[in-house]
Amino acid sequence: MSMTRAELQDAATKAFDGDLTPDAAHSWNLITDMGWLMMAVPEDQGGLGLGREAVGVIHQALGRTLVAGPAIAQMLVIDALSAAGGQDELLGRAMAGEIMSASLAEGLRAVPDADRASHVLRVEAGRISLLPVEGLALTARATWDKTRRLFDVDAGDAVGVVLAQGDAATALADRLSALRSVALAGDCLGGADAALAMTTDYLETRRQFDRPLALFQALKHRVADMKAALAAAQALFWARTEDSAADAVTMGAMKAHAASIYRLIAEEAIQLHGGIGLTMEHPCHLFLKRATLNAALGGDGDQWEEAAGRRALNA
Amino acid sequence: MSDALDSLRQEVRDWLAVHAPKDWRARSTSEAAFLELQRSWFTTLVKGGYAVPHWPENWPGGGRSLAEQKVIYEELARADTPRLLLSFMSTYHAASTLFEWGSEEQQQRYIPRILEGEIWCQGFSEPGAGSDLAALRTRAERRPSFSGGGDVYVVNGQKLWSTMGQFADQCLLLVRTSSEGVKQAGLTYLLLDLKSPGVTARPIHQIHGDEEFAEIFLDNVEIPVANRLGEEGQGWAVAQSTLSSERGLTLLELSARMRGALWRIGDLIRANGRSEDAGVLRDFGRLASKVDATCAVADQFLANRIAGEERVGDASIVKLAYSRTLREFTSLGLRISGLDAQYHAPITFGGGMETGNWMADFMNSYAWTIAGGSDEVQRNIIAERLLGMPREPKNWVVKEGAA
Amino acid sequence: MSDALDSLRQEVRDWLAVHAPKDWRARSTSEAAFLELQRSWFTTLVKGGYAVPHWPENWPGGGRSLAEQKVIYEELARADTPRLLLSFMSTYHAASTLFEWGSEEQQQRYIPRILEGEIWCQGFSEPGAGSDLAALRTRAERRPSFSGGGDVYVVNGQKLWSTMGQFADQCLLLVRTSSEGVKQAGLTYLLLDLKSPGVTARPIHQIHGDEEFAEIFLDNVEIPVANRLGEEGQGWAVAQSTLSSERGLTLLELSARMRGALWRIGDLIRANGRSEDAGVLRDFGRLASKVDATCAVADQFLANRIAGEERVGDASIVKLAYSRTLREFTSLGLRISGLDAQYHAPITFGGGMETGNWMADFMNSYAWTIAGGSDEVQRNIIAERLLGMPREPKNWVVKEGAA
Amino acid sequence: MSMTRAELQDAATKAFDGDLTPDAAHSWNLITDMGWLMMAVPEDQGGLGLGREAVGVIHQALGRTLVAGPAIAQMLVIDALSAAGGQDELLGRAMAGEIMSASLAEGLRAVPDADRASHVLRVEAGRISLLPVEGLALTARATWDKTRRLFDVDAGDAVGVVLAQGDAATALADRLSALRSVALAGDCLGGADAALAMTTDYLETRRQFDRPLALFQALKHRVADMKAALAAAQALFWARTEDSAADAVTMGAMKAHAASIYRLIAEEAIQLHGGIGLTMEHPCHLFLKRATLNAALGGDGDQWEEAAGRRALNA
C-alpha cells in the first residue's frame, strides 16, 4: 500500500502538526473524526481494511507530537471485536470513539484511561472477554510520563462478553500482542524522529565558543549515528507491518528494537541539549519519559530479545 | 596507613556513632525537611569539628591534611550520612576563593558567617554561556552610589544553574565590565548579597522533580565596589580559583557511595526473580567492576594530588569515569525494575544519586554527565590537556571569498 | 510483485539449480582455486546472461531494470553462489565510467573484453590520500612519446588499496597533472594497461591472511593520451562516476547473505552448550533484529532508488548500518566460540564475510568499517549532506598572531 | 610498595623499551637476568618477596612490547612450587630460568612453549602436580597471535611430583587462578597503553583534509574515552594487586575488565589508523590479536562476569 501509506502519512502528519502534547480531548475527537479507529478493520465490518501498516502510520503520527489518550488500547479492543466477529454493535460503538480500553502490559495492569472507558478487554489464558467497566475497581497509577494515564483494574471474576475461548483465544492473544507491538513501535519511531529533528535544530541554532554547536564534529557524528539507527529501525518497522506472517515474537522483537532506538535518541537529545534538556521547561524530557515507558509496556527488551534469540536458535 | 590516620578514623567513627542522623532518608520527603536536615547536620558537624577540615588551620575546624580529609569523607560515606549539599558551595567554593583573593576585611566579614550557616551560591553560567563561560553577558557598570557611600556596580542580566540558589544568602557573581579586547579580560568578580533590591531567584524544575538549581535575575542590582574580589577585569582568574576549589574528595565520596549502593541492584535482581539469569548476573558483575574501577581511579587521583603529582586533565578522567558509571548503574536498575520504575514515586530530597527510585535516579544521573563540565568538555580536556592533542584554534576563520 | 518479476525469479532459480557451483567453499582453500572458481563462474554467468544485468541494453546481458537486478541478486544470494569479487570492478566501476565518459572507440575497445574476462582495478587511494582523495600526489606529465605515436603521460607515484590489483589487467587511474588552483582541478583520469613497463603490483598482506588488495608502484610509466577519460583536469568529475557506479545492490546482497548466515551463530550456541543462557539468547535475538533492520534499510534504499527518490547520504546510512552490524555479528561469534576462535585456521578465499572462521571473520569485518569510505566519512556525509548540518570549512585558517 | 613499584616500573620499562615483539630467546634471558622470575617468591625461599604487585609491573612491561615466551606460565609454576614448600631444588631451577610451563586455560590445554619446557604443571580437582615433559604427547596449536606458542598436552595418567592434594590443592588452584588473572590483566594493560600511545602519535602525524587527524574532534573524543577507560582499569588493577584478600573471582573479574579495555583500545587503534591498520605491515594487528587471545585465556569475560555478578548478589 505504498501509495496509500504516503497519503495516509501526509494526512496524519497534517492532523497533528502543531505543538507537542496537544489537548487530549481535542486529539481524541480528531482521531475519531479522521476515521483512524476503523482504519485496520475489514471493509465488510464497516472499516477501511488498511491493516497493520495503517496502524503503524497512525501511531507514528501520535508518537511524533506525544499525543495523550487511549488510542493503542482502543485499537486492541477494536481488533479483538473485529477478529471475534458477531459483535457489530460493540464494534461500531468502539470505532465511533466510545472509549474501550485494554491492558498495555499483563493481566489488567496498565490500562489507559480506564476511568473514561465503558469497557475493558480481559485477556486470560484460554479466554478473551470484554467487561463493562461499571462496578470494577480502578486504581490510578501515575507514571513519570504524564502523557499517559494508566490504571490497574481489579475485575474479580467478572466475565462480560466472551470474544474467544480455547485455541481461538490463544491465537487472538498472539494477534493482539503483535498489534500492540506495532502500535508501541510506531509511537517510538514517531517520537524518535521528532526528538532527532528537535536536536539537529537546536545544534544549528545554539552557539558555543563562537560557532554553532552543529559545527562540532564529535556532536555531528553522534547525530549521524542516531539518524542511521533510526533509518534502519524505520525500515524494519515498515517491512514488518507489511509482513502478514509476522507474529507476536517477531513484532515484539521489532518493538524492542524500536524502543531501544527511541531511548538512545531521547537520551542523546538530552545530553546534546545540555542543561536546558534537564529542565521541565524544555520538551526533551517528555520524549525520554515516553521512550522508557514504551520500552516497559507490552513486554520489555529482555523478554522479547530472549524470545527472538530462542526462535533464531531453532530456525 | 599511619597510626595517626588510623586513630583519626576511629575518632570520627566513634563520633559518628553518636551524632550521625538516623533514618534521614525516610524523613527527607519534602523540601522543608531536607533543608532542616541539611542545616542541623551542618551545625552538628561544625560543633564536632568535621565540617571544614580543608580550611587553613587558622580557622576553626581547619588545618587537616588531604589524607586526613579523605579519612573523614570515607567515614561520612560509610555511615551513610546526608551529603552536605546546601553548605557545599559555601565551605568549598566561596571559602577557597575568599582565602585566595579576599582582603583581610572581606575574609573576616564572610568566613565566620559560613560556619554560622550562611549559604553561598555561584552565579557563573548564563542562558547563552554554558560550557563557554567567557561568553557571558551579564553587564556591570560602575557609577557613584545614589544612596551615598563609595561607587557601586549596577548589574543587569540572568544567571542559570545556580546550585541551591533559591536558598542562598550570598552569591559568587561573575560579570562583564568591558567588551574590549579578549573576552576573558572583560570579566569582574563580585560578591552579591541576594537580599539586595532587584534580585529574583527562581528554582529550576528538573525533569525528575527536584529543584536543586535556580536561575537568578538581576535587574539594576547595586553591588558596592568593596564587594569585588580581585581587580576589575581580573574576574576570569578569580573564577579559576572557584572552579578548582574542590577537586577529588567529592568524587571519591560519591564513588564510595555508589559502591555502597550496589546492594540495591542485588535486591532488585532477587525481587524480580532474575537471580539465575546469566545475562543479568553478567551485567551486574560487569557493573560492579566498573564501580570498583571508578572508586580506584578516584582514590588514585587523590593519592596523586597528595603526592603533588596531579596532572591537568586527571580530574576530568575521574569525572568522566564517575558520570558514565553512574549512568550504567541507574540504567541497569531501570531495566531490571521494568514497569515498576515507570510509576511515579516521590523523590527523596538530597537523597543522593542512588535512592532506588530508579527512573528518578536515572534522570538525575544526567546531572553528572552535563553539569559541572559536560562529558564532552571533559573529553576535550583529556584529549588536549592530558594527551597533548592539538586544540582547535578558537579563532579559526573562513578565508575571504572561499567556499 | 509483478508477474514479470515473479517469472524472472523462477527463471533464474531454475537456471541456478543447474549451473550454480556446488561445494565451492570447501574447494576455495587456496588463492589459485579461488581465482579459477571466480573465472569459471563469471564465464558461466556471462553465458547465462546474468553477469551484467545493470549494463545498458545495447550490450549483451544488459538492459535489466533495477527491480529485475534485485531479483537476480536475491536469487544469487539465496543459492549461496560465490560473490563475483574478481570481476566486480570491471563490470561495475570500469564499465559505468566508460559508458559515461568513454568515447565510442574506447567503449568498443574495452567493454567487450570485460565480458571475456579482462580484469580491472582502481588506482585512486594513495599512502597520503585515503579518505582525502583530492590530496593525491601521483604525478603525470605530458610529453611526446619517444617510441613514436601521439603524446603520452609519464606517471610516477604509488597507489594503495587497489582491490584485486595483483590479478588485474587494466587500472582506472587518477593522477595529478597540475598543482595550480584548487586541488580537485588538477586531477586527470587515465586508463592504464598494467602490463606497461614500470608498473609493479604487490599484494597487501591483510591481518586475517587474505590478500584482497594490492599496492601499485608506477615508475616512469607511459600512458598514451588516447587512454584518457574526459579532458585533462576533469579527473575529479570522472572519478565521481566511478565512485557512484555501484550503489545499493551490493549491500542488499551482503545483508541478505548475513541474514542467511545467522545459523552459524545458532550452531555455535548449541555446540558450546549455551542454548539456555538467557544473556546469550538475548544477544543473539538483538543481533537478529539488527540484521533484519539492515536488510530492510538496504531494501528500502533500493526501492527509493528505483522510485527516483534517493537522497544524498542515504547510501551512507546503508553502509554504516551494514558495517556496524557485521562487526556485531562477527563479535558475537568470536565471543561465543571462545578459545577455539583463537586457534589459527586457514581462511576460505573469497568466502564472504561470514565463514565461521570467527577470528578471521571478525578481523575481516574491519574492511567494511574502513574501506570504501570509513564509518567516520559516512558519518560526516550523513550529518552534512542528509541532515544539512554545516560543514567545517576546509580552509579555516588560524588568524595571524593569535593563540 | 609504591616507591618500589615506581622503581621496578622504571627498570622494567627500560629493559623492554625497544621495538615491538623482541626476540624471544633474548627476552627470556633478560627476564631471568633481571630476576623477574623470583620477584614474587618469599625471601626465605630465595626470592625477592615483592608479591603480586611486582607480578603486575612485570607483565605490564612484557605486554607493552608484546614480548613472546612462557613468562606467565613459568610464574604459575614458580608460585605453585613456592606455595607448596619443600621443593627448593625445583623452585631454584625454575627461578633460574629452566622453563616449566602450565596451562593458561583448563586442564592441559594452551600450555605455552611446552616443547621447550622440562616440566608442566597439572591442575586437577583435588590434586596439583608437576610432570616432567619427557614422554608426554604435545600438540602444537598455532594461534592468530603469533607472539604466543601454545600446546595441548596429553599427559595420560602421569603423576610426577605432587605439590598439593585435597583442600590444599583447591586453595592453591584458586591462588594460581588469581595470579594468572593478574599476569594476563597486566599484559592487557601494558598492551593497551602502548596501543593508545601509538594511536595518538599516528593521529598527530597523519594529515587529511589539510590538517592533522588529531584536530578532528570526533576522533579526539574517542581517544579521550579510550584514555579514561584505561586509566580506570589501571587504577583497579593496582588496587587489586595490593589487596591480599582478592581471590580468583575478584581477580578474574578484574582481568575480564582489563581484557575488555585492551580489546576496545586495540579495535579503536585499528579503526583510527584506517587502512594501514588492516595490514600486516603495521603493528596494530599484533595488539588486537594478543588482546583477543588474552580475553579468551584464563577464563573469558562471560565466565568471570557471571561469577562476579553472583558474588555481588550474595554480598
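For reference, chains read A, B, C and D in written order, and residue numbers begin at 1 within each chain.
Criterion: a residue touches a chain if its C-beta (ideal position, glycine included) is under 8 Å from a C-beta of that chain, and two chains touch if they have at least 3 such contacts.
Molecules present, by chain and UniProt name: A, B, C, D = Acyl-CoA dehydrogenase.
This is a predicted model, so every value here is computed, not measured.
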Centroid-based (C-alpha) most distant chain relative to subunit B (Acyl-CoA dehydrogenase): C
Between subunit B (Acyl-CoA dehydrogenase) and subunit C (Acyl-CoA dehydrogenase), centroid-to-centroid distance (C-alpha), Å: 53
Subunit C (Acyl-CoA dehydrogenase)-subunit D (Acyl-CoA dehydrogenase) separation of Cα centroids, rounded to whole Å: 40
Per-residue multi-chain contacts in subunit C (Acyl-CoA dehydrogenase), two or more chains: 278-283, 376, 379, 394-395
Multi-partner residues of subunit D (Acyl-CoA dehydrogenase) (at least 2 other chains): 217-218, 220-221, 301-302
Touch-based graph of the chains, sorted into line, ring, star, complete or other: complete
Interface residues, subunit C (Acyl-CoA dehydrogenase) side, partner subunit B (Acyl-CoA dehydrogenase) - complex: 277-283, 393-399, 402-403
Touching residues on subunit B (Acyl-CoA dehydrogenase), where the partner in the complex is subunit A (Acyl-CoA dehydrogenase): 125, 128, 130-132, 135, 160-161, 204-208, 279-280, 334-335, 338-339, 341-344, 359-360, 362-363, 366-367, 369-371, 374-376, 379, 394-395
Interface residues, subunit D (Acyl-CoA dehydrogenase) side, partner subunit B (Acyl-CoA dehydrogenase) - complex: 200, 203-204, 212, 214-215, 217, 220-221, 223-225, 227-229, 231-236, 238-239, 253-254, 256-257, 301-302, 304-315
In the complex with subunit D (Acyl-CoA dehydrogenase), residue positions of subunit A (Acyl-CoA dehydrogenase) that touch it: 216-218, 220-221
Contact footprint of subunit D (Acyl-CoA dehydrogenase) on subunit B (Acyl-CoA dehydrogenase) as seen in their complex: 262-263, 266, 269-270, 275, 278, 280-286, 288-290, 292-297, 299-300, 316-317, 320-321, 324, 376, 378-380, 382-384, 386-390, 392
